[in-house]
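Paired with subunit B in one complex and with subunit C in the other, subunit A is shared by the two complexes that follow.
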Partner chain A sequence: MISPNDWKQQAQAQTGQEHSLHWLLQPAIAQAAFRAAELPTRKTERWKYTPVTALLQQDFLQPAAVDSIDEARARDCFADLPNASRIVLVNGQLNRALSDFSDLENQGVITLFSSASPEQRELINMHLGTALNPDKHPFAALNYSNLQDGLLLHAPALQKLAQPVYVVYLGSALATPAWAQTRLLVVAEPGAELQLIEQFDSVGEQNNLFHNHVTEIVLQPNARLQHIRLQVEQEALRHINGLHVKLTRDSHYEQHGIAFGSQLKRNDINVNFAGENAACVLNGVFLSKHRQHIDNHLNLEHATPLCTSNTAFKGFVTDESRAIFNGRIHIHPQAQKTEAHLNNRNLLLSKKAELDTKPELEIYADDVKCSHGASIGQLDEKSLFYFQSRGIDKASAEAMLCLGFVNEKVEQIPSEPMQLLAQHKLGQFFNDVEKLKTLWSL
Partner chain B sequence: MLIVKDLVAEVDGKTILNGISLTVKPGEVHAIMGPNGSGKSTLANVLAGRDGYEVKSGEVIFQGHNLLELAPEERAREGVFLAFQYPVEIPGVSNMQFLKASVDAIRKHRKLPELDAPAFMKMARDKCKDLKLNPDFLKRGVNEGFSGGEKKRNEILQMALLEPSLCLLDETDSGLDIDALQVAAEGVNALRDGKRGFVLVTHYQRLLNYIVPDYVHVLAGGRIVKSGGRELALELEEKGYSWIQ
Partner chain C sequence: MSKGNEIDDLISREYEAGFVTQVESDTLPPGLNEEVIRIISGKKNEPEWMLEWRLEAYRKWQQMDIPRWAQMPHPEVDFNAISYYSSPKSKKNGPKSLDEVDPEVLATFEKLGIPLHERGKLAGVAVDAVFDSVSIGTTYKEELAKAGVIFCPISEAIKDHPELVRKYLGSVVPQQDNFYAALNSAVFSDGSFVYIPKNTRCPMELSTYFRINELNTGQFERTLIVADEGSHVSYLEGCTAPMRDENQLHAAVVELVALGDAQIKYSTVQNWYPGDANGKGGIYNFVTKRGLCAGVNSKISWTQVETGSAITWKYPSVVLRGDNSVGEFYSVALTNNFQQADTGTKMIHLGKNTKSTIVSKGISAGRSQNSYRGLVRISPRADNARNHTQCDSLLIGDRCGAHTFPYIEAKNSDSIIEHEATTSKVSDDQLFLCRQRGIDEEKAVSMIVNGFCKEVFKELPMEFAVEAGKLLEVSLEGAVG
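For the complex of A and B:
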């Protein structure tokens, strides 16, 4: 166990090292932000419920060495998306053998920062960091301070990518604890349309990885992105994830997420409205069991008029786990005619589990339509009796109701292979795969 | 098949059933009528085993079992079926998953082999057709977004699939238009096989035009105040309930 201050000093020392991407502008900015930042404590409002002690227990402050991974087991994690471009990172490093994206790489749609052309370098510098404020996000600042490489997804103007882009981040059990810092920059040119799938997963038990990830998305006018996110890693893994989205005029962003708790899991989702008529849909479900922890912090900055956002998150919290939902809608004075709705419905199934939910509305414009709400409940007695009155025993009835609660979100995922994968993972989560399989298969 | 003897039951400390006795023999159809608050639905719910009803005295024997000692799911497996007045909506669980789980549980109890998915689906689709339900509705969430008529027909569909020996229908006619009522009644009549017993709880005699009862009982103040044949229902229709009370 080291002190937060020592941790920060050591992390900072790491970031000061020479890095190969000397052309990048972001690291200097992020380093300054990280130097000025403090590691969050209980007194930091945004981190009030999420102690970072799980990061201080072990020495994660070195990048994971390139590790051999059981390829067959890694492939078992993948969704059945035969035509998708698949990019696989193992402990933060691109694994070519498991990846398959040469078509889009040749077209310049997917590029590693380290092999970016001069034009792409310019593009990266133009957009990286524009959807994110490193002063408010110390772990994102740490991530960008230590930019060894990254992924660029550059969707060309007025084109619809026929196949999804599928990025898989895998963690494995390492010889010594380490961090993986990954980042994905998505720039969709005007009128571009695409589906992005991100899967955070792991192979092997007792994972000793700290994954610090940032996805930054910039949608140019009229661009449309469908984003599916699965965070289904093994529970020992620590994962801090920042998603920062910038929406310009008439753009459309839609997200469907499923996140399992782990020893430490933190999801920041930040949406910045930077043009009129943009729309955002955030759909998610988080689940925690055992002694897991999951913290969801959403922040929607409605800074421009005529935009809409619809946020609906569900939480499934049981055993001795702890989950947090904080959803904030901030409507700036000039953001007239905004329509923003947010709700969070939760199932809290154990006396020892804890859930903290806080929907927040901050409105500074006078002509807007907004709503927010949160509920915490148990399984509905009437529904249970309905099942029982049909001969289904109480335990199975409870399991089916839990599944139903979560499945309502799974059914909304706009990809059948991803629905299947999600159901498979949920089956594992509920520890009863065979039984669930027969249920799901109908 | 069903013998109810001096049944007294409370809800929240208030006596709702105040000494009900009723015997249903195989193949018989009994209609329970009565004004609002007379305890009709409570009787159906107590028989099905719903929580929140406290039986103070009396007994219920169903095919030799002391019904009141069984959990709701055990009653269902023994052959008691309650068609709900207000079927619950359960989004996220498809009607098919729900029906399969239910049929599996009941067949297992009856020591019948489990139906494989294709065989079950075919059976469910056929029954849907009989009840003029679009088979697509098997894929939808249980009762999710169903119209009143669809919900009630879904209850009859479940009844047809589970093949109970005693059917309790709690105001199956409420909220149905004439066409839907006819379809539901046909579904029920199709299940009348001379062995299966029925208890219909209803306000109105309208339903009894379609499902003709052998006996009519009038419930008031938690007890049966009058019993008779089908003509009693017609008399009630004409004179109202106050005539009896």
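For the complex of A and C:
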């Protein structure tokens, strides 16, 4: 056990070390931000419902060792995407044996920071950190302070990538606590079009990993990105995840996410509108059971006129778990003719579970259409009765209604193999949820 | 009336209650220390326990920090530059009856349309009028006494009904509840006390009217309403202040207690001076209002129309402790020019089958900022709790802001909670439709705004609803075009 102050000191000492990527500009900025940052406490509004005390007492402060991983088990995690370029990181390190992306690597679409060409270095320095404010995100600042390596996905102008880019972050069982810090920078050139799939998964039980991840996305004018995210790790793992998106003129960003709770899981999704007529769709479902914890923090910064955003998140909370949703829409004074809608619907199934939701609107322009809604409820009595009146027993009826609730979001995932994988993972998740057991064993 | 006159009439309308009354007053020098509290307590001839209670609050207040979480930047309030007590000077030891009150003061209330004689146009409403730090008169006392209802200034209640005051004062809003409540507990000077006995329906509407007159004073009134089992009361509150370039502080505390089967309906039309078009002057309205549904089947309903004050910081709340209790909050908050409002409610569900409804309408114009901040908390034992929240905001002009910060915390899986919020501007289509029919733009906006607020206005007692409608028109002055 260490104190949060020691934790910060140690983290700082580590990040101050010599970097092999001396050409990177970001670490110096991030280090300053992290030094100045106060680590969240219960009094920090943005972390009100998510205590990180336990995390900050745990001595994670060494990079996770790259153990040999059971390859067969690792491959079991993958979705059946035969033509996709697959990049696999185990405990934060690239695993070439499990990966398969040589085509795109040769074309310069996917590059490791450590092997970036001079042009790519310039590109990385130009975009890294532009969608992210490290002062507001201490863990992201920590991530960028300690930039040993990273992934660059650079989609060329006016091209549509035929196959999805599939990035898998795997945690393997570790004997001692350790951290993995990963980051992905996506730069889509004007008119580029691509699908990105991120999967956060784990192999083996008793996972002592603290995963601190940042994905930064910059969409140039007219670029389009479909983003599918699965966060389905084993529940002992701790994961703080930052997704920071910058949208320029006429760009289009669409996200479909499924996230399971774990000992500590925090998702920050930050979308910055930096050009007119950009559009953003965020679809997600979060689920928590046992004593899991999941915190979703969305922030949509509408800083330019004529943009639209549509956010719809669903929550499924049971047992003694706790889930949080915080969705903020911020319309800047100049962002006239914005249309922004946000919706959070939750199913709270257990007396000992807790759900806190806080949809926020902060509006400084008048010619806008904005709305948000939130609801917390249980399974609909009438629907249950409908099932039962047709001879389906109550337990099965409940299970079907729960599945129907979650499945709406699964069906929206624009990739059939990912839908199948999601359903498979959901099956595992529901397997020990009392209400759903019956149906799943049918 | 010709059309030209009508427009002139509209334009010339502004804050009508902004005059100053010239009365000799007895005002304490600015500053706050234990001595000042002893003087205030002494002026009221308070018993020892009351003074102790105030001093305890003062000591707690000194340890507390100014809350800074609300969405409202403002210059620091210098708590030592405020005078904590001011009363119109009277020749004797305070007026025995309304006839003895300074005619200037009576004229003030007359001018404001508050009937202090019992045959006025609002006959049938009992009024307690508070001028700066003292209550200057209460009407219909005898008639209310017949029904067993106690309606008097709180300073009188402390002397005449100490058992009731001791039991309930601070029971809903404890001394150390928040910075401004602690300050109020230490220095409160007057306010109203209401007690409705068991199974009694209060025979008339009760009303308190607050008036700040003196310069550099703060008004700290304290209202305590206790509705005993099976009783019912409807209470109205109104307020105005002169137009001044200095900001003045108003930090009130209102506590409501509803015992089993009791119902309290509390309506406010808040029209403190909002400051001028450049944001100079106006009242800082930092108020703590909370009701406790202590008994089974009790009900507390807050209705507020907030058009005044430079800054409004106010969250009338309901603690739903009794099973089957009901809490309601209906609010219209209008801000214009440089006004800031951060207002909303808290519904704390503790008992079983408790229900709450929140309807909040925010209208921002000019360069004002208007926030709804609310909390709905369902505790683990609040089985079958139900909440519905509706927050709508209307924006008039492109320099104002409208914000919504609802906190929803559910710890019981039997509860159903819904929250909806929308923000939009006055629709061009609606405006066009009105203008096409010969209604000018200002009138059309005022019609649309009135329609927008209808859901809340219908909860107000009739006289208030009319006044509220008029207030909106005045406050929106110059917001269009």
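The rule is short, and it goes like this: the second predicted complex is superposed on the first by the 428 of 442 C-alpha atoms of A that agree within 3 Å, B and C clash if a C-alpha of one lies under 4 Å from a C-alpha of the other, contacts with A are read in each partner's own complex, and residues count from 1 in each chain.
As a convention for this text, contacts are C-beta pairs under 8 Å (C-beta built on N, C-alpha and C of every residue); 3 or more make two chains touch, one makes a residue touch a chain.
This one's a predicted model, so the numbers in the text were calculated from it and none came from an experiment.
With both structures placed on the common chain, the touch criterion links A:Lys369 to subunit C but leaves subunit B unconnected.
In the superposition on chain A, A:Ala30 makes contact with neither subunit B nor subunit C. Once the two complexes are overlaid on the shared chain, A:Glu45 sits against subunit C while remaining clear of subunit B. In the superposed model, A:Leu147 lies in contact with neither subunit B nor subunit C. Of the two partner chains placed by superposition, only subunit C is touched by A:Asp356; subunit B is not.
On subunit A, the patch touched by subunit B and the patch touched by subunit C do not overlap at any residue.
Within the complex, the subunit A residues that touch subunit B are 380-383, 385-394, 396-397, 400-401, 403-408, 411, 438-442.
Interface residues of subunit B facing subunit A in the complex, by the touch rule stated above, are 48-51, 71-73, 75-77, 81-82, 84, 87-88, 90-94, 96-98, 100-102, 105-106, 109, 117, 121, 141-142, 158, 162. Every residue of subunit C that touches subunit A in the complex is listed here, in rising order: 69, 380, 393, 395-425. Partner subunit C is touched in their complex by these residues of subunit A: 45, 333, 336, 346, 348-378.
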